[in-house]
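Structure below; questions to follow.
Here the chain labels run A, B, C and D in written order, and each chain numbers its own residues starting at 1.
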Amino acid sequence: MHRADVIEILDGTHPRVGRGVALAIYGLIVASAVVIAVETLPDLSERARGVLQGLELVILAAFCVEYVLRLTCSAHPLRYALSFWGIVDFVAVVPAVLFLFPDLTTVRSLRLLRLLRILKLFKANRALDRIAMAINRVKAEFLIFLFIACVALYLAAVGIYHFEHLAQPEAFGSIPESLWWAVATLTTVGYGDVYPITVGGRVFTGVILLIGIGVIAVPAGLITAALAEAGHDRPEATPLDPDPDKRAG
Amino acid sequence: MHRADVIEILDGTHPRVGRGVALAIYGLIVASAVVIAVETLPDLSERARGVLQGLELVILAAFCVEYVLRLTCSAHPLRYALSFWGIVDFVAVVPAVLFLFPDLTTVRSLRLLRLLRILKLFKANRALDRIAMAINRVKAEFLIFLFIACVALYLAAVGIYHFEHLAQPEAFGSIPESLWWAVATLTTVGYGDVYPITVGGRVFTGVILLIGIGVIAVPAGLITAALAEAGHDRPEATPLDPDPDKRAG
Amino acid sequence: MHRADVIEILDGTHPRVGRGVALAIYGLIVASAVVIAVETLPDLSERARGVLQGLELVILAAFCVEYVLRLTCSAHPLRYALSFWGIVDFVAVVPAVLFLFPDLTTVRSLRLLRLLRILKLFKANRALDRIAMAINRVKAEFLIFLFIACVALYLAAVGIYHFEHLAQPEAFGSIPESLWWAVATLTTVGYGDVYPITVGGRVFTGVILLIGIGVIAVPAGLITAALAEAGHDRPEATPLDPDPDKRAG
Amino acid sequence: MHRADVIEILDGTHPRVGRGVALAIYGLIVASAVVIAVETLPDLSERARGVLQGLELVILAAFCVEYVLRLTCSAHPLRYALSFWGIVDFVAVVPAVLFLFPDLTTVRSLRLLRLLRILKLFKANRALDRIAMAINRVKAEFLIFLFIACVALYLAAVGIYHFEHLAQPEAFGSIPESLWWAVATLTTVGYGDVYPITVGGRVFTGVILLIGIGVIAVPAGLITAALAEAGHDRPEATPLDPDPDKRAG
């Protein structure tokens, strides 16, 4: 087996085993995400904790093997090691230190690095490339609207502060605190922990909502429009599917 | 009357009585849905229960007759029986067992099978076919965004857990519990049963919302765009109307 | 002054005074809406009540005069009286009976007829005609989605009922009661008066939201798409402006 | 250095230092916004207050210098002074009076004038011009829908008042108070401070939501559609970037 074949297999572009390996890596990443979440459950039995630790060990080992294989089989090991995905692959195996030195409680925060593995889900995925391209096309408007949204949130917070801070000094004690109300309101989440009670504050809320909802909703609309358009001149879609074309050459 | 006529009548495509029969079947399905809902009202009188049971009996009888007719009049009875709609039609009459053996409390859960009848509303409806086609066209992007939405929900849950679980060990006790907050927040439902109270958690919520709302809103936008486009090259629309063309030949 | 001129003036299409009269009628309708709302304030002074009653009298008188003028000056009085707008104009002056027989408390509900005057805001407005046309074009899809939305709400209610009615017999006591939760959730309003507390109910809510939000959001998107398209082949827009072209001939 | 160069530098269009000066002015405006917000924090130390006042002094001085430079270096000082941006620039330095006469507590409200500086963020920004043009194109439909939205809110408030004011005289005491519910509901914010509890009120809410959500969501959709279209025939985007072309000639 050639070294290039190993890379192909790991990239999921190998004609025979590529698909299986790609699915296995996806499976490991999802398992990793589940382990990270389940670990935080407060009343896990000792047994469950053991199973989770075992799973974590398997996942770490698999990613270590992957990293070493990629490093040794790559045509340009250093270039790979310093590339974006090379760094992601490396960081994903750093938490292995925790198993080598289990008593170092100070390195516990290394566990969070495991989250970076989720990034690997987006590697070598052609359908996501297309979406990234569509988003790239509306990037300028997207940034402008993020900027307008921030100005709108700020002005909403200043406005409601002046209407409500005398009536509700707890909830609207300052403009930064009022920003929390502005975020929850203009995104239409509306938890209900803070809301205006004065007539002025309510009228202000109504006006700001009628105008401001559009501002917050536009970015999503822009991406959708770009995607809908990008879809027109595309031959076929292969979601979440490693791309055999990339192998060419 | 030929056997093919019977099928035509039941499909609602018969030129004379088709429309009436189709409406009658739609009516029965809606009545069935209403019966299922009203049955659960806690303080129904004995009389009302009797009426509901009577209605249920009529509905079941009608669907039994429909199934038997379709089976006996079909050109290929076995092919019908094993087709998707054949199985739906069959399952829709299974709850009849409850009337034959009323004391079998263990088969009570069969009642839920009645819900499958609602599926029949979508049978032989041409306008729905067009929508299904439009959705099919954006299926790839739709699945990708469902996947991105799940990743976004997961990351939001992990993030808020780290910001809030010390301040609110009840509401944000673990990452799986924090997922409930992520779902209610990114969909902008915002029940208000759980919400961040720390400054870090609130800033995180604001950032995640400004970015994340788009992710959740895009699938709906994609379907809309596909529908709007599909509408361009369509002669006329006949919603909820059985299609006379299908009969041709 | 010819009788046709009177109709022109009232329609707001008269070259000289048309615009002024149209604005006056719009003003009266808005004043009428304000009076209806303010009347319900619980602690109004006697003086304020007097002012409101005076305003109501002026509004009624103006609409009575309008109706009589339209009836007497129309080329076909009977045709006008039986037309849609003729009936609206008539019903709008019916509450005058309350002033003639102020002691008939039984006819108090006639007051609500005053709300119909708001309909007159939409009379002879060309910009609204264009919107009506755009909506008409997507009517078929709109109705289908309203139908799908109703099915989605029903199924959501049935589902949450089975997950939650044992844990929360108060809030989810029956399927019709659970419908209230389904409405508040799928529209993303999320008042927070009822929400799932079981793990199953929360997972179900997450799944139903990821799928269902699209269903509820599509109708708005369809109208928007139709409007955006209608805007392409339109020369210029004159919102809320009586249309001088209609006068032609 | 010519006087025209000074204007160019301040406008951020000077080839060498333009960009730096533009970023510095943006920085000052953002700092100004932060100062306004942070000042309202209730338990600031004396030291922090001192820092804020120092920052405010620097910002005011910078804008005073900018204003004087623009006035003296402009080719037409009076025309500038009376132009829109000339007035904004002037008003932005008015709060300087507070430093000259610190004891005049009656002019404290002048502080709010500082908010107007945020307007300057939108000056000489080409990307925003494009968005303004797109919005301008759908202005007519936008206004119509704002009008329809107001009618919808009014009718929703009247409706819910009649269903709920007997059951909840506190929350739905009058139509103007019910408007608060209508705003929070139709925008899907749903704080949860007021919500219907009668069966009639809940059914009404469901119906009004299924119809009304579209009305509120359409304006945002219109702007998005206009933006998506405007993006088609545009060469490239330079967000938040002062435009070097404007200098030409």
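Convention: a residue touches a chain if its C-beta (ideal position, glycine included) is under 8 Å from a C-beta of that chain, and two chains touch if they have at least 3 such contacts.
These figures come from a predicted structure and were not determined experimentally.
Asks: When contacts are scored as defined above, which chain pair ends up with more C-beta pairs, B-D or A-D?
Replies: Output for the comparison: A-D.
Asks: Fitting the CA atoms of chain B to chain C, what rotation angle results, rounded to the nearest 5 degrees?
Replies: C-alpha superposition angle, chain B on chain C: 90 degrees.
Asks: Report same or different for the chain A and chain B interface, where same means the shared residue numbers exceed half of all residue numbers found there.
Replies: Mostly different residues: under half of the interface numbers shared.
Asks: Roughly how many whole angstrom separate the Cα centroids of chain A and chain D?
Replies: 30
Asks: Can you check how far apart chain B and chain D are, centre to centre, with Cα atoms defining each centre and the answer in Å?
Replies: Between these chains, centre-to-centre, one finds 43 Å.
Asks: Mind pulling the residue numbers of chain C that touch at least two other chains?
Replies: Correct list: 179, 188-192, 217, 221, 224-225.
Asks: Residue numbers of chain D touching chain B in their complex, please.
Replies: 188-192
Asks: Spell out the part of chain D that touches chain C in their complex, as residue ranges.
Replies: 137-141, 143-144, 147, 151, 154-155, 157-158, 161-162, 165, 173-176, 179, 185, 188-192, 195, 202, 205-206, 209-210, 213-215, 217-218, 221-222, 224-226, 229
Asks: Going by the contact rule at the top, pick out the chain B residues touching chain C in the complex.
Replies: Chain B reaches chain C through residues 33, 36-42, 112, 115, 118, 121, 127-128, 131, 146, 149, 153, 179-180, 183-184, 187-193, 216-217, 219-221, 223-225, 227-228, 231, 237-240.
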